[in-house]
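What follows is a short report on a single structure.
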Amino acid sequence: MAIEVRNVSKAFGDFQALDDVSVVVPDGSLTALLGPSGGGKSTLLRVIAGLESADAGEVFFDGTSVSGVAPQHRDVGFVFQHYAAFKHMTVRDNVAFGLKIRKKPKAEIAERVEELLRLVHLDGFASRYPAQLSGGQRQRMALARALAVEPKVLLLDEPFGALDAKVRKELRDWLRRLHDEVPVTTVFVTHDQEEALEVAEQIVVINEGRIEQAGSPEELYEDPATPFVMGFVGPVAKLGEVYVRPHDIDLELEPVDGGYEAQIEHVARVGFEARVEAHLADGAPVSVLVTRHQAAEQELEPGQIIWLRPHRVHEFAVA
Amino acid sequence: MRADQSRATRLTLRTIALLYLGLLVAVPVGMVFYNAFSDGLAAAWASVTTPEAQHAFWLTIVMVAIAVPLNTIFGITAALSLVRGRWRGKTIVSALIDVPFAVSPVVVGLALILVYGRQGWFGGWLTEHGIQVIFSVPGMVIATIFVSLPFVVREVVPVLREIGTEQEQAALTLGASPAQVFWRITLPAIRWGVAYGVILTTARALGEYGAVAVVSGKIVGETQTLTLHVEEQFQQFDLTGAYAASVVLALIAVFVILSMNLLDRRKEKS
Amino acid sequence: MASAPASDVALPRARRWGLVSARPAIAGALATAYLSLVVLIPIAAVLAESMTDGWAGFWKAISAPQAIAAVKFTVIVSAIVVAINVVTGTLIAWVLVRDDFPGKRTVNALIDLPFALPTIVAGLTLLALYGPKGPAPVDIGFTKVGVAAALLFVTLPFVVRSVQPVLMELDREMEEAAQSLGAGGFRVFRSIILPTLLPAIASGAGLGFARALGEFGSVVLISGNIPFKTEVASVFLFGQIESNNTRGAAAVSVVLLVLSFVLLLAVSWVGTRAERHAR
């Protein structure tokens, strides 16, 4: 199901969480809402789910406005950052909850729950209580619970935010594969650009209640619309008035046309690459990525004077 | 040397604490049991099975059976609206719920007479409709409700705060109606808090004396609860009767404490 | 959306619940109505009744010698009882948290007994041991000491139950640090433990004080209700109500109400202040 958010605004007291936001989420896509915390992305997700009402604007599911529809009638699956596990119910009863509400036959519920628990690798845990599960297991249970009712949209609010780095990475890959298996329109909120770039097909960058840019991961990385997006989705260096990715800078030992003079402070060799920390004539710091091979050949060392020339720059309309 | 010293201090403090509790609580309560049975089990049994005693017992049960459910419904409703709602006057109402803790039972009785008595604010209307509240069971029920009103609210409010709203929102997105959310998610999540509040309410309702004494008119065999019966027997120099009825009340108190401890352990677990 | 048709009617109401919701407000209104009928309107009636004859009437009622004597005795005896509670309550809490001995759990449960036991039974209980016919070599029946004993009994749990949890959470490291700096046992208690416990002690004492001021059931049998001697305020009020002097009773009730409210306000003030300090 396609989602369209049209001109939505939402304020909490004096705080403008969403300011005239419009987004289109294509049917079957996997979309990330990316931005710093407090930027409004969770609020947008909650407005789509019907858990918050917009002050202005509307949300459309497949072209039909759902603005007046209560969350329980929107057919969305919502996964909360802190799982929202029903603590007094077993894993089985948690997953079966939506089906029981819909008064499905018992046999059908049992079968569907079993199937879902297999899908999220929790078969064998059906009789446990949430307190007896790890964070990652609880999150997978929450996903199974949301998927049980066959929602038309799956919404995930910082789904991996409360997990440690390793489990996070595993679940990330798993979510990607799950979306291939169960191709339901999925929107997830994250403040982690790496997570968004790796998992999502479409990324919507939100900052201070406004959409900065929406597009594929490549578009965002290669062709950022604003300095904010450029800085948020990857490393950035500033040479005079232009923004450039550190690996899009040519490092020369002789003066070159359009080059900026700089002095090396530190050279760090990390695996295949070498990161050169330097400062420009006006004292502004800049960091450049070169290959390890180049660093060795040029015999780069602290104190050395170098010339930097961007071979791919980004210029933005005055913000 | 220091270890010896701290051990001596500890033993001294322990002795003082136990002596104090023994002299103030344990031995006196033990004496009540002793006195109740000093004329033999048969005499004690006979004195708690007189028609007056039985009537007092049943009237007490009636008080509890009306006051506790009403205060429980009120308590859950009030707690939900205080924690989940945003409405004008919320902070004032929250503070006013504690008023019964600050009011002397006798003042409670007086206050009810002034409103529901024959000459009271609602007295005229009530008399016209043939309803007698004061010096009758309804007044005693209201007095019991008054003194035991805050317990459920006070127990449930912190629990509601702690569980937050995420579980309820999750249930909503899974298709549950607000009523289903309440019965299947909210109520089970707060059940131990409610149970604790109900026990405290019951204990208070069973044991109330002052407020009920003022509005009851103390009519033997009619408006006499178990606590009033204890006082009556004592004033009539039927000490066995007074002590035996006290034993019944004390046993209920012990039962209440046991249930509270049980619930405490339950709460810690979950 | 198979369930849509059936739920169409309920939609507008359901919608508000998930949002900022009118429902809690309706629930709040109902709860307020109940509270008003049972508690607030009757209390208002007491205030109104006390003012029927204006300030002069109010003043006359509360300055009657018997009323003054009863209120004065109540305040003094309650203050003494609270002072004793502060010491014994803290001590008992300390023993229950830091000490370990067989039967500790039973002793811990015993603390709740004065709360669970009906007040009239509490009075009878003390008379059974310390009354004229009791086996103890004292007779506190119809004495001021008897009144104090009854109040000590019913207010026992307040300080203990308020101090206990704070003592349990108390950071042991702080004490050990003080000890390593050479502080002796009593010094550690006075300069480290006591300041941390103070808000809890104060709030327990305040609640106990409020309770003692209004106490009736446990006192009524023990005190003998001798005017100008052992008559507490609530017993005095009871007598006035029985002799149909509701106006005078209302005036003295207002005095008691004001005292209790001030105490409870102070307790909540101490509570919020302590919370702020803890952060």
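In order of appearance the chains are A, B and C, and numbering begins at 1 in each one.
The definition used in the following text is that a contact is a pair of C-beta atoms (placed from the backbone, for glycine too) under 8 Å apart; a residue touches a chain by one contact, two chains touch by 3 or more.
Being a predicted model, the structure only gives us computed values, none of them experimental.
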| item | value |
| --- | --- |
| Residual chain clusters - chain A taken out, nothing else repositioned | one piece |
| Chain located farthest away, centre of chain B as origin (C-alpha) | A |
| Between chain A and chain B, centroid-to-centroid distance (C-alpha), Å | 54 |
| Where chain A and chain C are represented by their mean Cα positions, the distance between them in whole Å | 54 |
| Rounded Å distance, chain B centre to chain C centre (Cα mean) | 14 |
| Chain B residues counted as touching two or more neighbouring chains | 169, 172, 175, 177 |
| Of all residues in chain A, the ones touching two or more other chains | 50-51, 70-73, 102 |
| Residue list for chain C, restricted to those that touch at least two other chains | 3, 7, 14, 17-18, 20 |
| In the complex with chain A, residue positions of chain B that touch it | 166-167, 169-177, 180, 184-185, 188-189, 191, 270 |
| Touching residues on chain C, where the partner in the complex is chain B | 3, 7, 10, 13-14, 17-18, 20-21, 23-25, 27-32, 34-35, 38-43, 45-46, 48-49, 88, 91-92, 94-96, 98-99, 101, 105, 107, 109-121, 124-126, 128-130, 134-135, 149, 152-153, 156, 185, 207, 210, 213-217, 220-221, 233-235, 237-238, 241, 246, 249-250, 253, 256-257, 260-261, 263-264 |
| Chain A - residues contacting chain B, complex | 49-51, 70-74, 76-78, 80, 82, 84-88, 97-98, 101-102, 131, 142, 145-146, 148-149 |
| Complex contact set, residues of chain B against chain C | 5-6, 9-10, 13-14, 16-18, 20-21, 24-29, 31-32, 34-35, 70, 74, 77-78, 80-82, 84-87, 89-90, 93, 96-116, 120-121, 142, 145-146, 149, 169, 172, 175, 177-178, 181, 203, 206-210, 213-214, 226-228, 230-231, 234, 242-243, 246, 249-250, 253-254, 256-258, 260-261 |
